[in-house]
Amino acid sequence: ADQTILNTSYDIARELFATYNPVFRKHWEEKTGQTVEIKQSHAGSSKQARSILQGLPADVVTFNQVTDVQILADRGKLVAEDWKDKLPNNSSPYYSTTAFLVRKGNPKNIHDWGDLVKDDVALVFPNPKTSGNGRYTYLAAYGYAQDQFGKDATEQQNSFLKTFLGNVSVFDTGGRGATTTFVERGIGDVLITFESEVNNIRQQYGADDYEVVVPKTSILAEFPVAVVERNAKKNGTLDVSTEYLSYLYSEESQRLLASFNYRVHNDTVKAEVADRFPEVKLLTVEEIAGGWPNAMKDIFANGKQLDQLQRR
Amino acid sequence: MPSSLSVASAKPRHKRVLPGFGLSLGSSLFFISLILLLPMTGLVMQTADMGWSEYWYVITDERVVASYKVTIWAALIASVFNGVFGLLLAWVLVRYEFPGKRILDALVDLPFALPTAVAGITLATLYAENGWYGELLAQWGIKVAYTPLGIIVAMSFTSIPFVVRTVQPVLEELSPEEEEAGITLGASDWSVFQRIIMPSLWPALVTGVALSFTRSLGEFGAVIFIAGNMPYVSEITSLMIFVRLQEFDFPAASAIASVVLIASLVLLFAINIWQGRYLKRLHGR
Amino acid sequence: MASGQRHQQRVGDRPAVKYTLIGITLVLTALLLVVPLISIFEQAFVDGLAVYWDSLGDPDTLHAIGLTLFVALLTVPINLFFGVLLAWSVTRFEFPGRKLMMTLMDIPFAVSPVVAGLLYLLLYGNNGWIGEWLYEHDLQLMFAWPGIVMVTVFVTCPFVARELIPLMQQQGREDEEAAVILGASGWQLFRRVTLPNIKWALLYGVILTNARAVGEFGAVSVVSGNIRGETNTLPLHIQLLYEDYQATAAFASASLLALIALITLIFKAFIEWRQERAEQLH
Amino acid sequence: MSIRLENISKTFGQFQALSPMSLNIDEGEMIGLLGPSGSGKTTLLRIIAGLEGANSGRIQFGDRDVTNQHVRDRHVGFVFQNYALFRHMTVADNVAFGLEVMDAKQRPNKTEIQHRVKHLLEMVQLGHLANRYPSQLSGGQKQRIALARALATKPDVLLLDEPFGALDAKVRKELRRWLRSLHDEIGFTSVFVTHDQEEALELSDRVVVMSNGHIEQIDEPAQLYAQPNSRFVFDFLGNVNVFEGKLTQSRLHNHNAWITAPSSDVPMNSGQLYIRSHELSLHTEASKIANLPLKVVAVNPIGAEVRVELAPHEWQSEQIWEADLTHSEYDRNPVKRGEIVYAEPRNGYFFRENSHQAPEQVSWQSRSLDETVK
Amino acid sequence: MSIRLENISKTFGQFQALSPMSLNIDEGEMIGLLGPSGSGKTTLLRIIAGLEGANSGRIQFGDRDVTNQHVRDRHVGFVFQNYALFRHMTVADNVAFGLEVMDAKQRPNKTEIQHRVKHLLEMVQLGHLANRYPSQLSGGQKQRIALARALATKPDVLLLDEPFGALDAKVRKELRRWLRSLHDEIGFTSVFVTHDQEEALELSDRVVVMSNGHIEQIDEPAQLYAQPNSRFVFDFLGNVNVFEGKLTQSRLHNHNAWITAPSSDVPMNSGQLYIRSHELSLHTEASKIANLPLKVVAVNPIGAEVRVELAPHEWQSEQIWEADLTHSEYDRNPVKRGEIVYAEPRNGYFFRENSHQAPEQVSWQSRSLDETVK
């Protein structure tokens, strides 16, 4: 190959990019006549960010955590300060939201966040401390509470969240672990995870045993992408890297992304798959917690809101 | 003759008899420094960045302290269980002949070879309430997976070879005569075991249990899949380190890691010294 | 007239005790070690043999197997070499700090593998003082195979020495002194007198080192970078497959690891058996 | 307590360690098992103790058939070759062990045990070492502690495996005496193993000589010495010179050397003449009795006797000869290294060629045989 | 090659294993290091070999100062106490080892090595065992192989640590003779360690008696036996009876027992009289020379002499006495167990109370001292 780039991505995107890469390779060859080889690295996105900071020579990142890209800009000046503005939609070619997976027939009758704090409902979702997925879940619940009880009703919000956290049976460290716990170990009544993953699970474990419930309010989970400019420059792959990310916005790519159960921005594709993605009121992190940096600082940091609510 | 006197009184330089002192000690020091100690400087430098009070604050965080308790208790129970089971395994492997002994011997090392995550997932599969063991145990009202009990199971699985492999050689070396002496004096098998065999096994057994204990303190992969990771209940210290890493807080992660490391080293060193004393009593010099 | 009677003079040789203990051990081992092993294979074969073979034939899996063996192939000789020297210096000479050295040797047992990986990362990663120098000279240690080898060496380094030290202490240095008096040089001494005496322990150390090197996950995962087809070792690959909802493929690979381990261990048992037989012959 | 072994045999795998043998030991007797390495001494002792099971045969202690009894119930004292003291226990604890593990109903109380231990330690003259560990004791001290431990439970039978094996001559001798007096005082029946003929002869009431898993001879020491009934026993009891000769004209010939048959009433034949080293005298020329030219190899005038080593001169013998002279004999004829001397036997034992019978005693002296042999 | 030790001393940590000592060994001499356990014999031997470094002092082999030379370069043969044969090599390979590890330029070629090994094995009479492994040999055989191995490189100095320690009396004696003849034949200088006085006296040209890291005495065997210069040496050489008495009226008294001073030219004093066991005669009543009533404890009429054990009767001695009688002496007065007899010394050695001087020889015989002592 004329050029080689390394795409560093979150752990469950292996299949996705394994499908996207040949598409892009063809596109790039048509466009420039050059061949490109794309290497993939998959692991938890925080860990990936850490690795890049310590020298993993990634050219592009495709994460499921805005903070993890941001840290590359903040700590290592590896990514442009204004990376969010480099590509449309906050540099998020696709997005998803937090949804529920319940057992067949929805025996506990779960329809929205409010149903999750019932006494006899056991929840499974990954640990917000270790997993982006978990943080989204927590923020979504928080957003619902704000929505429900009013922005200032801190006490009610807290008591809701406390019960919500108290209903958790198992805190796995990652989304996949939580899934296994729920599906294979048969623990819990509701698995809370990304909508995209919920569909994955149904494909993997059979559509019949589980039902997806998408709550009326939820959170906008963006899947940010960025070029690691310092590395790309060093490797001389800036152009192809940029194109690798831009091309994710093409109609062909968006269709591909939708087929992996992600929500996309391209209107044509959106219309095609509308039946699969019910309307939801999507709150942004900005709206719920004043943006990721604040969320991390005020909610997830050591001893802050989450810790306080979890205290015995 | 003054000249010969002065020669005679000069302290002779004695060359070491066996070759390779310089080479072996040099390489060992080099190896230990490069592979073991140099990386430790990373830990030291990370923690040195924070002040003492901050260090103290990080390592005494309420949730972290809770995790110490869980981890230490679980590791303690797991290593004590391993002490008993490992001793039994070693005993059976050394003392008896039976079909399948070699396979049993080989199986002992299995936990070393399996990636810890695989071990964790597999154990979780077995002990979950819909797993082979979980179902059985559920009838008795015992839950293992996703409780502190699960932590113990995972820890003891990953560290059992330490006990077996340290006790086994010592048991093999044990002379039959002391035992026979005990029996001719009229002692029952149990008193011989307890009063004659065990005192000779203690050093090895304690070392094995200590190694198993320290390994359990540090275990992560196998435990998190089965622990449930509930705050204050089933969060282990390694998870706390992992959380700090996820938060990109390297100094805090290093600080907590240093607590575990120092505790382990102190324990091992103390045991080395104790063992030296104990053996000295048995062997004279 | 009594004939052919046997007495049980060693403790625990009474059949009741013996078979109870063997029974308990076998049951416990079956429950604690064998069933998990079976469970791995069961999950590997849920979808049938064809799927099993397919998942092992995947190029990424093949590469991961190759890389894992390559790492083990480098790690084992390094640790063998230094392990022997370490054991030699500790058992054959008296010097201040000997006890300390023996404790330091156990550091890898005391350090959580993830922390071990982190230590290396902090030192050789871009933020470390060595790392910066390495970056400037375009030397990629971390997130490439050298880093993987380094942490694997770290994690497995005590095994050889730990196997050798008790044996060499017990054997004493008289044989070697005899050889020196007869004029043997250092190398001759080692090859012709020491090595034949310690070869079984050495082999055992190698097998443990190998088992652990092949199976190491935590430390390697920190420094590997997880680049598919490049720095993914088999344990990492298993993790990846699992995360990616390819449980069957993951367990197929895991079963392969278990198999590698079992084969080396059975190989060990075989060699021990041959040794015993040889001993009985003379 | 008397001990009765009937047809005891033992094999290890294919190897016959003991051929069927019987042995009766009287109450209060002290029996020495003597034999070269590998002759089965330890095996026999362990079978008596019950530490090893016999393949066939029966063992009785007094009237009690103990064949199928466990070691524990045979109630014997056993002293191991290398002492087998419990390394992690003090001397006092070692001695107390046998008492402390007794059944609760038989066990003396704490102070009683302490008292007994103290007494035993004083008996072995080591009261001051009660709190030491075995590793801090010398060989002789260890040995005594091992004995005290074995005696603590007042066994009727005491078995000792090479009790003085690793000690130096002085300590050995002391302990030997001490054991003998203890034996006579307490009156237990004892069996001990040794490969030292002097020890066996000096210490035992009767000696059992073993070789290759057989009993070669059982006799009182003096009897054994006077009438060894095989070449093996003779050889093993030591210090013997062998003259192998062909009978011609009532002389035994070996090349140029010869010895006359002492008198016609001993029907001599070709065969081997065994002569103990103190039954030789040395002369400057051949006598009527014998022509045994020997070259003096070494002279060792130390102690009660002068030991002269001699190499056969112009005739053949497998081994160097040795003559033990009294100082006065030596003074009469002070031989020097390198000299040729002529030996003359006083008494000897004759083994016929190709025969496994007991030897015939021959004497060239006027003094009657009985007296010499006593 | 002669060996010269000057002011050699050695400490292990705080413990002084050897106090500064000097020793000259002539070329071709055979020296025995004799002493009780822990007296530093092995340490001294290892220092000569270079296996241990001395803390001070100088060692010369011939004209060569080897103090700072490595073991390898000292070119000595060393036979270890427990042989230290290479377990995984055959007998032949063991013997060949020293030759095979020589520098390429010095090393004999393959066939030459084979030849030499064969020769050596024949020399130790074990040619037929060339292909066995050490574990298949008996103790005596191992010992010889260890010797052959040490001799293979033709060392000028041969050092042996308790070469006959673990063997039985018969084998021991045989090997002893064999070693002596080998020594005389090849002519190396040898130093061997033993704790057996008989062995030391019989085998060595000179004996070095050690105790507590000191050299007590260096002398030829006969001289050592005749003139031990300290209580320690006397005691250690064995079979000695001690009479401790106060001088009153030219008699040494101990309770009711007494011994007269032999003649006025020996200025006697209170002190200890050492009498060897063959220097005693037994009588039915006290004589003018001595009144030493003793009770016969045991009579052992075996071998060249009759050994009688005696307990002091109404006086005090730390140990049992022993008298070695010739058969004719015994026949004249055949004492019985339990009888009271009166001993009379012939020769003795007198150690003054509170003095560390060499003893004075005393004799009650008409025969001159020189003759007795020879």
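A, B, C, D and E are the chain letters, set down in written order, and residue numbers restart from 1 in every chain.
Everything below uses one rule, namely that a contact is a pair of C-beta atoms (placed from the backbone, for glycine too) under 8 Å apart; a residue touches a chain by one contact, two chains touch by 3 or more.
Remember, predicted model here, so these are calculated numbers, not experimental data.
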item	value
Chains touching both chain B and chain E, listed by label	C, D
By count of C-beta pairs in contact, the leading pair of chains	B-C
Chain separated most widely from chain E, comparing mean CA positions	A
Whole-Å gap between the CA centroids of chain A and chain C	38
CA centroid of chain C to CA centroid of chain D, Å	55
Where chain D and chain E are represented by their mean Cα positions, the distance between them in whole Å	23
Shared interface positions of chain C, touching two or more other chains	9, 121-122, 177, 180, 185, 242
Overlap residues in chain D, where contacts from two or more other chains coincide	51, 71
Touching two or more other chains - residue numbers and ranges from chain A	47, 53
Contact footprint of chain C on chain E as seen in their complex	49, 51, 71-72, 75-78, 80, 82, 84, 86-89, 97-98, 101-102, 132-133, 135-136, 149-150, 152-153
Footprint of chain B on chain E - complex, ascending	6-7, 50-58, 67-71
Sites on chain D touched by chain E in the complex	36-38, 138-139, 168-170, 173-174, 177, 180-181, 195-198, 201-202, 221-222, 225, 235-236, 238-239, 276-278, 297-298, 300-305, 307, 309, 319-320, 324, 326-327, 331, 371-372, 374
Residue ranges of chain C touching chain E (in the complex, touch as defined)	174-175, 177-185, 188, 192-193, 196-197, 282
Touching residues (chain side chain C, partner chain A) in the complex	121-122, 125-127, 131, 135, 140, 142-143, 221-222, 225-230, 240, 242-245
